[in-house]
Amino acid sequence: MNFTPRNLTIAYIGGGSRGWAWGMMADLAADPDLAGTVRLFDTDIQAAKDNEAIGNKYSAHPQAKGKWRYVTAPTLEDALKDADFVVVSILPGSFKEMESDVHTPESYGIYQSVGDTVGPGGLLRALRTIPMFEKVAAAIRDHAPEAWVINYTNPMSLCTRTLYAVFPEIKAFGCCHEVFGTKKLLMAMLSDLKGIDVAERDSIKVNVLGINHFTWLDSARYQDIDLFPLYKIFADKYFESGYDTVNREEGFNKYFESAHRVKFDLFRRYGLIAAAGDRHLAEFCPPWYLKNPETVARWKFGLTPVSWRTKDLARRIEKSKALLSGSESISLDRSGEEGVKQMRALLGLGDMVTNVNLPNRGQISNLPLDAVVETNAVLQRDQILPVHAGALPPAIHALVVRHVANQETTLAAAFAKDRELAFRAFANDPLVALDIESARKLFETMLNNTRAYLPGWF
Amino acid sequence: MNFTPRNLTIAYIGGGSRGWAWGMMADLAADPDLAGTVRLFDTDIQAAKDNEAIGNKYSAHPQAKGKWRYVTAPTLEDALKDADFVVVSILPGSFKEMESDVHTPESYGIYQSVGDTVGPGGLLRALRTIPMFEKVAAAIRDHAPEAWVINYTNPMSLCTRTLYAVFPEIKAFGCCHEVFGTKKLLMAMLSDLKGIDVAERDSIKVNVLGINHFTWLDSARYQDIDLFPLYKIFADKYFESGYDTVNREEGFNKYFESAHRVKFDLFRRYGLIAAAGDRHLAEFCPPWYLKNPETVARWKFGLTPVSWRTKDLARRIEKSKALLSGSESISLDRSGEEGVKQMRALLGLGDMVTNVNLPNRGQISNLPLDAVVETNAVLQRDQILPVHAGALPPAIHALVVRHVANQETTLAAAFAKDRELAFRAFANDPLVALDIESARKLFETMLNNTRAYLPGWF
Amino acid sequence: MNFTPRNLTIAYIGGGSRGWAWGMMADLAADPDLAGTVRLFDTDIQAAKDNEAIGNKYSAHPQAKGKWRYVTAPTLEDALKDADFVVVSILPGSFKEMESDVHTPESYGIYQSVGDTVGPGGLLRALRTIPMFEKVAAAIRDHAPEAWVINYTNPMSLCTRTLYAVFPEIKAFGCCHEVFGTKKLLMAMLSDLKGIDVAERDSIKVNVLGINHFTWLDSARYQDIDLFPLYKIFADKYFESGYDTVNREEGFNKYFESAHRVKFDLFRRYGLIAAAGDRHLAEFCPPWYLKNPETVARWKFGLTPVSWRTKDLARRIEKSKALLSGSESISLDRSGEEGVKQMRALLGLGDMVTNVNLPNRGQISNLPLDAVVETNAVLQRDQILPVHAGALPPAIHALVVRHVANQETTLAAAFAKDRELAFRAFANDPLVALDIESARKLFETMLNNTRAYLPGWF
Amino acid sequence: MNFTPRNLTIAYIGGGSRGWAWGMMADLAADPDLAGTVRLFDTDIQAAKDNEAIGNKYSAHPQAKGKWRYVTAPTLEDALKDADFVVVSILPGSFKEMESDVHTPESYGIYQSVGDTVGPGGLLRALRTIPMFEKVAAAIRDHAPEAWVINYTNPMSLCTRTLYAVFPEIKAFGCCHEVFGTKKLLMAMLSDLKGIDVAERDSIKVNVLGINHFTWLDSARYQDIDLFPLYKIFADKYFESGYDTVNREEGFNKYFESAHRVKFDLFRRYGLIAAAGDRHLAEFCPPWYLKNPETVARWKFGLTPVSWRTKDLARRIEKSKALLSGSESISLDRSGEEGVKQMRALLGLGDMVTNVNLPNRGQISNLPLDAVVETNAVLQRDQILPVHAGALPPAIHALVVRHVANQETTLAAAFAKDRELAFRAFANDPLVALDIESARKLFETMLNNTRAYLPGWF
């Protein structure tokens, strides 16, 4: 790794993304201390080339402080060769596969709000993604073993787990903004209950423990205020009505936003603050919140249909064209992600404490070693030290270990392409509240639907 | 403790039982080495007096080798005073309460095959039973601290847990015959697949681990035969049809017997042999097997209605009268329980290895310390050494720890008479697949239904 | 706790100190953001009054940025009442007791280089100190439960352990500069081997694990340089000759400085970098380095005689007078301690990662929970999160757990004033390489020598 | 494995032994239920042939109930081929090597009472033995993978550890009679203090935990008598004088017997009963008992010189000749070992609880997994279930883990033939109270002295 902040190389795997990539471009443009080259690699090479052009427009923007050169890498190896950072943010398969992941189970009465982490959809997605990450990990081992690797791809835990399983010395971690969203809710709470306006998300201090998208806070403070007693009042106040952080009339995306009723319910059930969006949290539980669309509506969160994603992609492709043609101009609005801040810390430009996904070395004392867990960590020059997060309380522990067990089974199944093993994890998912024959039928159907991305399974 | 086998004192708490008591009387009568006094204590004093008379008839039987004197103890203290053994087998409440435990949840779509261990019924029963066991434990501490205490009462884990929580030095363990039933199934399997007739249940050697009624075997051998590969064949052969160990035409009790399809399914799901009756196992799982009566029928086990228990009790009361009047004569048929054998071992009349319920001291390495677990143990003169049973495999571990967490919460709730805490455990039970408002309503109804046995809760 | 940085209250227990107190005064004077009152409490009230006057001179110094008011607190309670921070730095007993701690064992062939942590002297000192800390902890619980408590008193582990044992909710940690000294050695190494001049101690990044004064580094980096391979070269290069960081001719304190040969030897034995002064490290080992004065001389560290401490104190008392009379002027030279920086972090003026002593919550996975261990931690507004430090390697683990076991025994002995228990720990100390009768005699002698500070023991 | 008790095959590795072999022959001759073939393998083939003849004399003895055929196996493979049991009892090297193990350290002031387990001698012996056991393990894997393997060779822990390291599925355990000796002492105590004559060693019930030769009892009972309070009285009564179980005048072997003062001292230090001979126990401690021959004499145990062993061997060779020629007749006196009883249990002829050495699966909860530990276990047909022994108390734990760490380092060093690693373990042994240069010199000398049995090290 080259520690020259003004001459960095970032390999961006999945660099053809329409949307998320532009956020990172904006973040890089905003940083006055960093510069270098971003190598975009994507299986859709035209998408990468488009982003190369768009990226260079970001750098050319008069207000851009960080000047980066964007290039298209023809192969994974070209992208990685001696990179300082590797960013992985890919879609495993197309929306056709995701259509199967999310909607095929509905004919069996299984509803999923996202379908990319756990549940039947998350499992199938994992089976497709793990082999891709096996390749990525091997390529990093061979071409950029010293690079810091930041993964944004879901299923987060299993993607990061795969990287370490294939290349144990990898310097990788997974990033997710769900905890940030919970911090925002706590800021809204302080405003609502106390009239306090918190300026900076980072001034909410939390202890984070759990697994990605099923993450929990067992302490939360703002300055000298313990936020737990407040949250109890808040959860009771808004349990029935829900609490909308957005205006439901305008700008509200009913498929993404929620009224936090699931979070409030989990708090009342277990006493800790669940720290992810309701759509994610619901998928980790028995079908308390996802029994049917009416139940979902009552809990005031959304089922995100893949049709919406397809339309949204079309919109983003239009935007890509507009950015390329210049009919739409570049905006330097920050993404809200922490990737660039983290790179700064890893380069030695200031320590940082934030929540990341890492193999468990004991930072959560009652989850299995090696499973990928989410806790706070200290990012320093060329190292990440996980904060000791303690133990999950027994009732939450029981919910979480079930998923950890399923994830480990899924990993083994994906490595061995073992259908029986994969089905074991599938049938053991809390959302798969089916008799075993129906579960089997659904599993086989979903496997078959996505066989194009399951080489070696048929 | 007096180690004179021919001058023992057994305190039998719940000694008015019609049925189970007679089995113990037969077992005592069959043992040529033991003798002494059995003190019967029961809140139904007439029932105890009846059993006193019946018990003495057992001793008077010409073929009885063990001659015991049966007396009725007017108080718990009288029963316990310097006893050598204490047997606890009580019914917490009447069938009226059990009616509520088992059937009230049905109007919410929750079916329970037994309703005495986990599930909504098991939890309510625990709330009633724990205070009774607090009293029993305190009385043992005060009046028979050196006695060996054998508990047969359900919920087994929580009853035994309460004894140790109140009097940590107690010498208590819990006994249950469910594992024996599984050994019988393995004997039937050997006959079915190999034509081998196994004479003695004890020659099936198993490693037992789990919690009572949700117990698992991770090894099983008969002589030099590993029974696991056979069980795989057996489970596959009879998965569809089920395997009936009894003649369904005659002598078949449809409420108790099963065709082991649940056990076969659990084996196919998880790879270990579940070692309890299907009716019990089903209650620990998500509603895979108990979704509705049709599902139960398809899995070929029975829902035991309390009406049947009521009728059965009437029959047993009739039998009591007949035994007392002499119109029915005493039978010395053995009970199949191991209590008397265990007493022999604890008296130093020969070591014994069998499965018992004890606080976890690490014998199951991935369950919490102090939780009551079921494993093999060595019974020797005045001591029980648990065998190190190892760890539950991850997927089963996840199912089990959820119940352990609920049990610990239930214990704390019962001690503190804390409604919110009790509801937490209730709502977290896998069978309570209800929205939170419905769960609350059901919980309050069941609590109210059984308030006569919940002093201090209202 | 009051989070107004310019209106703080610091209770300084042991505030009559000649020397250490002045360093803290200088550090406070140097910080432009903090101000408030320092309450000095000392059993030697005149010493406290002297420091009140001296402290106010610091504040009056024209270059002082932080302006503090120093007052003498007549009682512990007065000092603590609603304090924001409590600093504890006391001497348990006088040099007369320390004379016994350090030198009485010499007649039994036991040499101690410091005698304040482990070994016979450390144990006796602990017996005197623990009751004092019981009182301090109770007073903090009653008068300043929200204060952050920074302990500097030795034996560090047991003092901090006592605070938590008495008041489990206390917000206390222990600070020690020994790891800083090791960082300086690593800086010297970089200069010696690589010609690199490191400006800031903090740019040496280390993972710290162990117990106070027997602390270890299992990773050390400067920028992208792994310092372990360098340290191997360094340890081999200077193993024979030793490495002097100071000029032995002038300014060298032969009682305090060392040539790091013990550290080099421990590295060659165990593969990790021991991170404390050689004088401390030697006392935790079997008498490899402390067999006799000749051995000590060969290992090039010093035995610090109490006579030197007595002379040094006389010098410091002279200096105190000179400061009071004005014949010596106030110097604003910083102390090198981190206390004021840590206060800043706890006030929310910037996160900080440093090594502290805290009860083990699992941050060292193979040391007992609750024992006080030394690891890195993140200091943030009103909270300290220990970094997960991992496990000690087996051979070092074995050396460390022996002391942890002795410390736990000592704590129990001090609480119960149990002579047999105290002797158990004494006889089990690695330095006490005596036959049991001699050990007993020495123990009784030392106990008797210091009986003035052992109320309730005789 | 063939479960026909009357047609067994035992492979005896080290079958040329003069003495120990004859004890096993007597035990086999005494058992009326077992019969078959014993294949004797020894690198000294003549010794094996002699024992073949002697063994067959045992079988021919008119009072012999068990009739066995003894044959000499020309190779290890011939001995093992499809054996039912494998007994391993070998001497790694000759007395020339043992002379170096035991006596070379004396010139450095290090005295060893046995020199075959830990200490400098134990370590060197381990370096010679481990490669032999690598070969034995591989041969068992290839030729008798189903056999039960009973190891009697020292160093017990490392020999058994090696068998499992090479062939993890091996069915092996280690046996040692030291705990039996402690039971005898407890029997003597009952006679001395209570006038109770205990007929059977097995009626003393103990919980065993630790590592071989450094094994501890944390409970001991005879019938309803707790032996711990008695042992306290006993240890105090005989601490000064020692307790001789033998007549010191006649039949006393001053090199083997002890007066148990070390055991009494350890009890007073730590509160548990150390369960091995004083000669072994002393070697695991710092040089409390082995400082010099005078200290040893005061503690009333013996240093066993190799010259005595040499003379003893000469006597036994004479006896061998006498047995062969018939000038001495066969005696059927039992050996006191449990090997044949254990075989019976493993054949299914009755369960048995006894102490054995097995890899830690958690049966001792605070020792590392896989290390070979000594606890009770249940021996049943074709399986051994370790009893859950609990945790070592902290102070003893610290002493034990140091040796476990050294053993693991020694194993790795022996596998890799890594001199530096071996020296690390050597220098970290509690008896090696030497400066590092002297330690190095001693280590190299001892290595060189025994190079004939250290192929690949030079």
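Per-chain numbering from 1; labels A, B, C and D assigned in written order.
The rule we apply is simple: contacts are C-beta pairs under 8 Å (C-beta built on N, C-alpha and C of every residue); 3 or more make two chains touch, one makes a residue touch a chain.
No experiment lies behind these values; they were computed from the predicted model shown.
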TODO: With chain centres taken as the means of their Cα atoms, state the distance from chain C to chain D in Å.
DONE: 46
Open item on the list: Can you work out the whole-Å distance between the CA centroids of chain B and chain D?
Closed with: 44
- [ ] Go ahead and note the Å separation of the Cα centroids belonging to chain B and chain C.
- [x] 57
Open item on the list: Can you pull out the residues of chain A that are in contact with at least two other chains?
Closed with: none
TODO: Indicate which of the five shapes (line, ring, star, complete, other) describes how the chains touch one another.
DONE: ring
Task: Pairwise chain contacts, counting only pairs that touch as defined - done: A-B, A-C, B-D, C-D
- [ ] Using the touch rule from the top, collect the residues of chain B that touch chain A in their complex.
- [x] 265, 268-270, 286-288, 291, 295, 298, 368, 394-395, 397-399, 401-406, 408-409, 424-425, 427-428, 430, 433-436
Open item on the list: So in the complex, the part of chain D that touches chain B is made up of which residues?
Closed with: 1, 3, 203, 205, 207, 219, 221, 223-224, 348, 351, 353, 361-363, 365, 376, 378, 380-383, 385-391
